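Have a look at these structures, which come just after this line.
Common to both upcoming complexes is subunit A, partnered first by subunit B, then by subunit C.
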Partner chain A sequence: MFGIVRTIWDVFRHGFQPRVTRQYPEQPAYLPPRWRGRIILSRDPDGGERCVACYLCAIVCPVDCIALQATEDAAGRRYPEFFRINFSRCIFCGYCEDACPTYAIQLTPDFEMSEFRRQNLVYEKEDLLISGPGKYPGYNFWRVAGVKIGGKDKGESENEAPPADLRQLLP
Partner chain B sequence: MATIYVDDRPCRVDPQQNLLHVCLSLGFNLPYFCWHPALGSVGACRQCAVKLFRDAHDRRGKLVMACMTPVADGARISLADPDALAFRAGIIEGMMHNHPHDCPVCDEGGECHLQDMTVMTGHDYRRYSFPKRTFRNQYLGPLVNHEMNRCIQCYRCVRFYREYAGGRDFNVFGIRNLVYFGRYQDGVLENEFAGNLDEVCPTGVFTDATHKRHYTRKWDLQFAPSICIHCGVGCNLSPGERYGLLRRIVNRYHQDLNSYFLCDRGRYGYEFVNSESRLRQARLGIAAGKWQSLAAQPAAAWLGKLLAAGDVIGIGSPRASLEANYALRLAVGPRRFFAGVSDVELRLLRLAADLLRRQPAPTLREMESADAVLVLGEDVTNTAPRMALSLRQAVRQQPLAELEPLKIPVWLDHAAREAAQERRGPFYIATPAATRLDDIAAETWHAAPGELARLGFAVARVLDESAPAVADLPPPVQALAGRIAAALSSARRPLVVSGLACRSAALLEASANIALALRRSRQDHARLAIAVPEANSLGLALLDPRPLSEAAGAEALIVLENDLYRRASASWVDELLAGERRLIALDCLEHPTTRRASLVLPAAAWSEDEGTFVNYEGRAQRYFAACPPPGEIQSSWRWLRDAMREAGREAAAGWQSLDDLLAGLARDLPALAPVLNAAPPADFRMAGARIPRQPHRYSGRTAILANLDVSEPPPPPDPDSPLAYSMEGNPDQPPAALLPFAWAPGWNSYQAWNKFQEEIYGPLRGGNPGVLLLAPEPRPAGDFFRNVPPPLAGRDGEWLLLPLYHIFGSEMLSRYAPAIRQLSPAPYLALSAADAGSLGLHAGENVALWLDGRAITLSLKIRPDLPPGCAGVPAGLEALPALELPAWSRIERGHG
Partner chain C sequence: MVSPHPLVSLLAILLLALTLASGLIWFERRLLAWWQDRYGPNRVGPFGLLQVLADMIKIFAKEDWVPPFADKVAFILAPAIIVVTVLLSFAVLPFAPGVIVSDLNIALLFFLAMSSLGVYSIVLAGWSSDNKYSLLGGMRAAAQMLSYEVFMGLSLMGVVLLAGTFSLNGIVRAQRHLWFIVPQFAGFLLFFIAGLAETRRLPFDLPEAESELVAGFHSEYSGMKFGMFFVGEYLGITLISAMIAILFFGGWLGPGLPPLLWFFLKLFCFLSLFILMRAALPRPRFDQLMAWAWKLLLPLALLNLLVTGALVLAFLPRR
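Let's look at the complex of A and B:
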């Protein structure tokens, strides 16, 4: 008997509690920047494509939902010829972001990507590539790597000595 | 066997070896860079340091380089000693001071020995904060890419290129920490084995330039155990496929054949599979130059109707598998099955097969250990390239044998080379023109093929009185024969190498006589090697086809994977195809024969097909598909089966897999029944599972085809082999014939072969793949050949035209690969300077070459090595008509 009265009292009291249910989508939810949502490909501070098509995101992906093909421009800068993510398989684990040596692939605080047709969840490079550097504004892989690309000769990367002169005989 | 204690564990090891070799053989992970199983030890990198203890009570020990320390019975070593671990980590850290931050864009990444060794030693963070050293790269040609920043100065490249492969145009330059490996200036690497730098280099300094254009990581490639199609040596390959494109070839270890190295034709010729000239659709010729595409079923029905009518002949191919040739033989009947090679070549192939029944051919490893060599008539570097690399090692055998009193082990490479200096074993080359092995030869002699045969007969005569005598031999040649005979007879493992390049039966007979004479004088290790021109030349000959010249008269003609215009003169082929005759061509590439065909059936390229090749030793080796043939393309034997099914042929209609065909072949031709054992059958399983073609790290399964359909299709079935087009399957080491690629935990690079061998540089676990079809018969080795050719009678105003072979250009399929095509020569006519002078001609001029009453205009090239009275043209070039060489020809000043 006491139990029943107590339960009714609790329910009554609950009617005056503040509401926790959010009126999504009218009221957007706060998602922290480290939220692992929709994947994007970013650009480096110079505006060039950051992805160097190293295939590390593809190998680390536990559901194998990333496929790409590397190619090079005439000056030797490597980039993906195509880059495809099958979001209908993606589990948003974020391993690809961890594996990426150039900060190109990033997970964003966006999960609103429902589709009625599963085929529409296959994103190509045009769908993935954004115009900015995303979460890592300063980094440019090509300024660190030793290979020569257009606009950067051998020995012009960070912390590199100029190309060796093989004809000098000084000890 | 000696006993050593590795971290207090007793191990039985080979006492002739060094500690690194035995540690790796025992399966320990000991990092190294400069050591290579085939190149030996030099102790340059200091990476393989271990602790060596004086006895069981010694707790301090001393650091030694495992690769430089011979095994001593009872030796106690430690790999896990903290000092050794710290030393090895320190060495790697030093190497990484200057190593660029390139791995994501480096083609070696993921299969890099430097990465593996860095992980193995535990080094992870660069503490050295000073600038990194940089170098400019060189252009090294269309095959090898150069990125010098990545170098760790292990010296493997220069040791392979100069000391092992005999290259001259590559070296190490500079001093102190500015040491540079490259050419003295930009340019194409001249050596035919330069592509091996890709695998010899432990990091990404030298990488595959053709792979770079369609780059895929090792973990994403779908591999297959395969056999090279570009010559008759039968090197084992590991082709890799991704997204339907053949991406690259790497070496697949075979102890008896290619071991760790391939030639550049085998490594880079693969791109013909991706060629624009691939045939992809069955088509029917409806009028001259007009085609109509046909679906697979009606195409097979069309051919089936012809087969049912009966009057069909078939022409086989030396580059099609044994199975495809057999299917054709069955379809048309043995009496209507013709060889797809010239009559002379067929006769020589039969002779070669007969000689193999007398005496087994040497493996490449046996050739390396020969201590006296005579090359008779064959330009081995250009006809059977990998064989030349083995022959090059043979000249070291005699000096190495002399090292025994000095107590220098053979594996102590630089000490052994220092002790041997420039001394070389006896190596004699008698060929029509200079070869790429001439630099190691004790003596070379250039003459017309008939003269070379006479020299061979003379050598046999010196060795054995009962061999036929050679009349009218000039005294210098007789003296040369005496020197060669003396060298061969005093050797322990003499070797005679000949081949079909000169199209001369007398040459083969002379070589056989020498081998027989040596064996009669109780030199049981005497060997005879005969280089055959194509991947399955011997296999075709073993199917007993009729000579091509007898092919005539039938209503229809099936040509299997062959371009007849390469095999016989254009006029003869035109006559064969004239009239209402129907030509059915099965092939993977467009060529003059397919252009003339009434019906073209697109056949699978070798990398998409499964079958058996028989190499120069008579070794049957199975190759498997790296990917299923795309679209309407299917294996030649499946086209023929479909046609036979349409024609109501019972025997072949039921063939579902290659094994069904092979069972039929073994029933039909019992002599070839051993081919069944070339590889395990399709129902072979390891613990109930198939063998995966893809590495366990294969990526993108759910995205590769998602652009076409988001629902993933099942992997394609493979009824022909126990391999699966999948990453799923048994992860254990399969039998060697089914091993698609080398990859072991911690060993992602090519160096992982260590983990698949019974002993380093020894057989793969489970034995070397392939079965010898031509086991020598237990009867006496036969008698001497007695047809000594007469001396060459020069003709007035005529030149003996000889074929000159080119590693790039003389073989048809590889010419469809852009990189190889770039290195192929333009057609030319070669004359010696004296002969050109007598005609008043100069290099580069146009000359008219008259053959069979027709003139061909060619640019003149002066080759001082050509014997007088002889001219040469490059063999097998598409721009030149098929010529039956050697032949007499007239040469005149050309026009224009």
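Let's look at the complex of A and C:
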């Protein structure tokens, strides 16, 4: 009997305790920098696209929400002709970011992507590309990769030794 | 104070009771949230007040479906009965001196009779739905409401003994010097418990019991018929709260403020108490519910009546 009265009193006192509810749109939630939200495509410090259209993200994606088509520019540099992410399928697992060899695809702390029409959740390359390098400011794949492209020969990359001449014995 | 014409009172009380009943949905949700460290509905309109309106528009737009296996007449009649019986009880409530539809000299008996009729609504709803959960809910409601009615009436007899009248107006006037909560504290507790059970409010919501019986007696109801059960339930809470205020807390009596304001102040205190019960207490088992009614509360009510009767006989002057 006393327990019942005690319960009622305790519940009544809860009225004078702070609320646990966060009034969301007015009080935004804190999202850590490594939050897995809206996917973006980042650029080099020089402003070029980082994506080399290797298809690894599309292959690793468990829900097949990434579609792209590789092509090459005049300098021999690979890039995606189109790059499409269907966010109505995306589960924000972040596997694409892990798989990406060039830090091009990155997940960002943003989840407010509501749309009235499902079709609007399909993001094209121009929707995904941002102007900066994202989480990896100094990194430029083409400058460190030992690949020959227009304007850069073998051995001219950063931290790369000139190629060895296979036809002579001298070290 | 000039008392308004009964017809004016009738329209005002009808409008007020129905507005209050729908407004209570918002009030209950906000208050429950307050006790559960939340905010409750606070988006639609100022303080979320228009939430009720939004819900109402929604419920009117819902399909009003009568199951093909249901007993049509009883199924449609059931939600109307509860609203009608509860609204009829409002006719005898004195809100303030003169603000009353019908000052019956047997108002208290009328109230008890009407609350007894209310059980038909639940039983018919449960039975006509032709659904095992509804039927279980209806059966529970019948047993619960009949058992609790017995000592509900008995718990009020102490008040009647002290006031010497069945008229609610007379009972309020008899509390000029001392509210009946003091000499009839046991009666108040018994009536409050019985009122909870009569209105099928938590912790005595066994006919509904969402966790066991889907939605109990109104599992098959939808649209405004379902809404009527809710309006009936909230009207019932308002009625019982008003009765507590009138019978034990001096109705409109109070210093300073106008009588109507006093009445509503007390009314809202008890409405909040009803909601606090919901926030605080778990639902008892059905056999416990019945055992309490017959083995504990009924003897207590009889004892209260006996002691009150003896004291009135010994000390109060003959009228």
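The criterion applied here is as follows: the second predicted complex is superposed on the first by the 160 of 171 C-alpha atoms of A that agree within 3 Å, B and C clash if a C-alpha of one lies under 4 Å from a C-alpha of the other, contacts with A are read in each partner's own complex, and residues count from 1 in each chain.
As a convention for this text, a residue touches a chain if its C-beta (ideal position, glycine included) is under 8 Å from a C-beta of that chain, and two chains touch if they have at least 3 such contacts.
What you see is a predicted model, and the numbers here were worked out from it, not measured in a lab.
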Touched partner set for A:D110, first subunit B, second subunit C, both or neither: neither
Touching partner for A:T102 - first (subunit B), second (subunit C), both, neither: first
Partner touching more residues of subunit A, whether subunit B or subunit C: B
First (subunit B), second (subunit C), both or neither touched by A:R19: second
Contacts of A:Y55 with subunit B and subunit C, given as first, second, both or neither: first
Which of subunit B and subunit C A:G146 touches, first, second, both or neither: first
First, second, both or neither for A:D46, with subunit B first and subunit C second: neither
Touched partner set for A:N86, first subunit B, second subunit C, both or neither: first
Where subunit A meets both subunit C and subunit B, residue numbers: none
Partner subunit C, residues of subunit A touching it in the complex: 4, 7-8, 10-12, 14-15, 17-21, 23
Touching residues on subunit B, where the partner in the complex is subunit A: 100-105, 109-110, 129-137, 147, 149-150, 173-176, 178, 180, 212, 214-217, 219-220, 243, 697-704, 706-707, 709-711
Contacting residues of subunit C [partner subunit A, same complex]: 34-39, 276-277, 279-281
Touching residues on subunit A, where the partner in the complex is subunit B: 52-56, 58-59, 61, 63-72, 78, 84-86, 88-89, 101-102, 118-119, 121-122, 124, 141, 144-148, 154-155, 157, 159-166, 168-169, 171
